[in-house]
Amino acid sequence: MPLDFKITTSETNSVPVISVDGEIDIYTSPRLTESIGSAMANHPKAVVLNLENVHYIDSTGLGAIALSAENLSTQGGRLNVVCTKPQLVKIFEVSGLNQKNVNIYDIEAEAVKNT
Amino acid sequence: MTPTVETINLEIPCASDFVGVVRLAVSGIATRMNFSIEEIEDIKIAVSEACTNSVQYAYEDKSQGRVYITCNLYKEKLEIIVEDHGKGFDMSEVEAIKANKEGEPMGDERSSLGLGMTFIKSLMDVADFNSTKGKGTSVRMAKHI
Amino acid sequence: MTPTVETINLEIPCASDFVGVVRLAVSGIATRMNFSIEEIEDIKIAVSEACTNSVQYAYEDKSQGRVYITCNLYKEKLEIIVEDHGKGFDMSEVEAIKANKEGEPMGDERSSLGLGMTFIKSLMDVADFNSTKGKGTSVRMAKHI
Amino acid sequence: MPLDFKITTSETNSVPVISVDGEIDIYTSPRLTESIGSAMANHPKAVVLNLENVHYIDSTGLGAIALSAENLSTQGGRLNVVCTKPQLVKIFEVSGLNQKNVNIYDIEAEAVKNT
């Protein structure tokens, strides 16, 4: 169904990996912020956010990601985002987020390795 | 006499739940008009940004607020108007704040990046903002096929 | 004071193009309300049947006709009202015709099976039909969560 | 995209196979009627209609299929429908079409064989 939304959290080499399925907008982004927040509770060096199954994001979603990235960097960590969809990459570029503390990767393994 | 324009109206409560519903309806309309997948994505984001702003900023008492979406389908373009009867804002004030804190979080909402209106302008061919303090806001946007 | 019901309004031209748009919007609403996939499919069909009837039968001059869809979201149910201001029909007449030609094609449209109202009744928990000749038709249907 | 609709016609063992992708409703069913009509132009014994990628059908779509089946049977042919989605099978059952001149199959090869 079009508006279904799901977040799953797993761990690879002690790096928390958050995978999102669905659309990130004003309604769903609070759940994303919350999930990243929980992952940060153990003070990891980094959190990987996998957006391969996200087919939509807007400024609200970017805002949530930017805020989480800021919080992470405050405690010395970084946010690595896995994102391949051209439409999403374009939005990240327009926002300028990828030039700040959000790092974009094509492949989850790369995002995990670079933590 | 066939009309040169067909109109679809949608009206939602001021609640974040329903922005996705607007997006769905608009993406259906854009698909019917044979926009490309990329253009449809652009339109979805633009209309969501406008609705999100109305939901986030327009009404003190959200439980009474409504957001009105009008889609005008022309042969050569899709025009979408998103309106609220909320508190409105002073565009030049907002522009000034944005100029000062480029890329910094702004407004009440800590996670807001001040990107909403920028996205609408950059993703659509036409983007007119009209806001009157105490009366409400209307965003008219259009994309050519 | 939070409202016990949230209302979404949708209004489309009398044209077959937009029945799918209504279906999309309604499926989004039903998803938000946590209906099961099966229930969502039932709701989509029911609302489509009502819209299809208004598009097909209500207006002599389709270019001027509108179809009005109201979704009332309650805690425990989704109520959908589909209305037109078209020519209306005599329910008992239609029932009589149907009884006579069970399973046979009926009406002007050769490919019509007389299944539209049957589907609405069998797929929804509530289905009220109200039609007045010369005034229009209103179908109120509801499904419990 | 949700409202995309596509019909492709191919042939297996001289049997025309019409495959539909999308939703069959008041807007799209005329195109289905047309495609079945074209397939019938060569007076085949049967037409196979593959609905495996159809995720929605309503009374308008059933009406179009019923009419096509009737036309086919008038010229001595039959309509074999491939349909696996429970929701669609349910709708065919409620309509009673499967008890008339529309035959439902799980597998395309079976539908082609039984012509």
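Just so it is clear, A, B, C and D label the chains in written order, and each chain counts residues from 1 on its own.
Quick note on the criterion: contacts are C-beta pairs under 8 Å (C-beta built on N, C-alpha and C of every residue); 3 or more make two chains touch, one makes a residue touch a chain.
None of these values were measured; they are calculated from a predicted model.
S.K.: Apart from chain B, which chains are still tied to one another through touching, counting links that pass through other chains?
M.R.: one piece
S.K.: Could you please state the distance in Å, as a whole number, between where the Cα atoms of chain B are centred and where those of chain D are centred?
M.R.: Comparing mean C-alpha positions, chain D is 41 Å from chain B.
S.K.: CA centre of chain B versus CA centre of chain C: separation in Å?
M.R.: 29
S.K.: Taking each chain's centre as its mean C-alpha position, how far apart are chain C and chain D in Å?
M.R.: 25
S.K.: Using CA atom averages as chain centres, what separation in Å is found between chain A and chain D?
M.R.: Roughly 44 Å separates the two chain centres.
S.K.: Could you list which residues of chain B touch at least two other chains?
M.R.: As it turns out, chain B has residues touching two or more other chains at 17, 20-21, 24, 27-28, 32.
S.K.: Send over the residues of chain D in touch with two or more other chains.
M.R.: Each of 2-3 in chain D touches at least two other chains.
S.K.: If each chain is a dot and touching chains are joined, what shape do you get: line, ring, star, complete or other?
M.R.: other
S.K.: Can you name every chain pair that touches?
M.R.: Applying the touch rule to all chain pairs gives A-B, A-C, B-C, B-D, C-D.
S.K.: Which of the residues in chain D end up touching chain C in this complex?
M.R.: Answer in residue numbers: 2-3, 23, 25-27, 29, 33, 56, 58-60, 62-64, 66-67, 87, 91, 94-96, 100.
S.K.: Over in the complex, which chain B residues touch chain A? Could you list them?
M.R.: Those residues of chain B that touch chain A are 16-17, 19-21, 23-24, 38, 41, 44-45, 48-49, 52, 55-56, 103, 105, 109-113, 115-116, 118-119, 122.
S.K.: Sort out for me which residues of chain B touch chain C in the complex.
M.R.: 1-3, 6-13, 15, 17-18, 20-21, 24-25, 27-29, 32, 63
S.K.: Quick check: in the complex, which residue numbers of chain A touch chain C?
M.R.: My answer: residues 1-4.
S.K.: Sort out for me which residues of chain B touch chain D in the complex.
M.R.: Counting only chain B, the residues touching chain D are 24, 27-28, 31-32, 37, 40.
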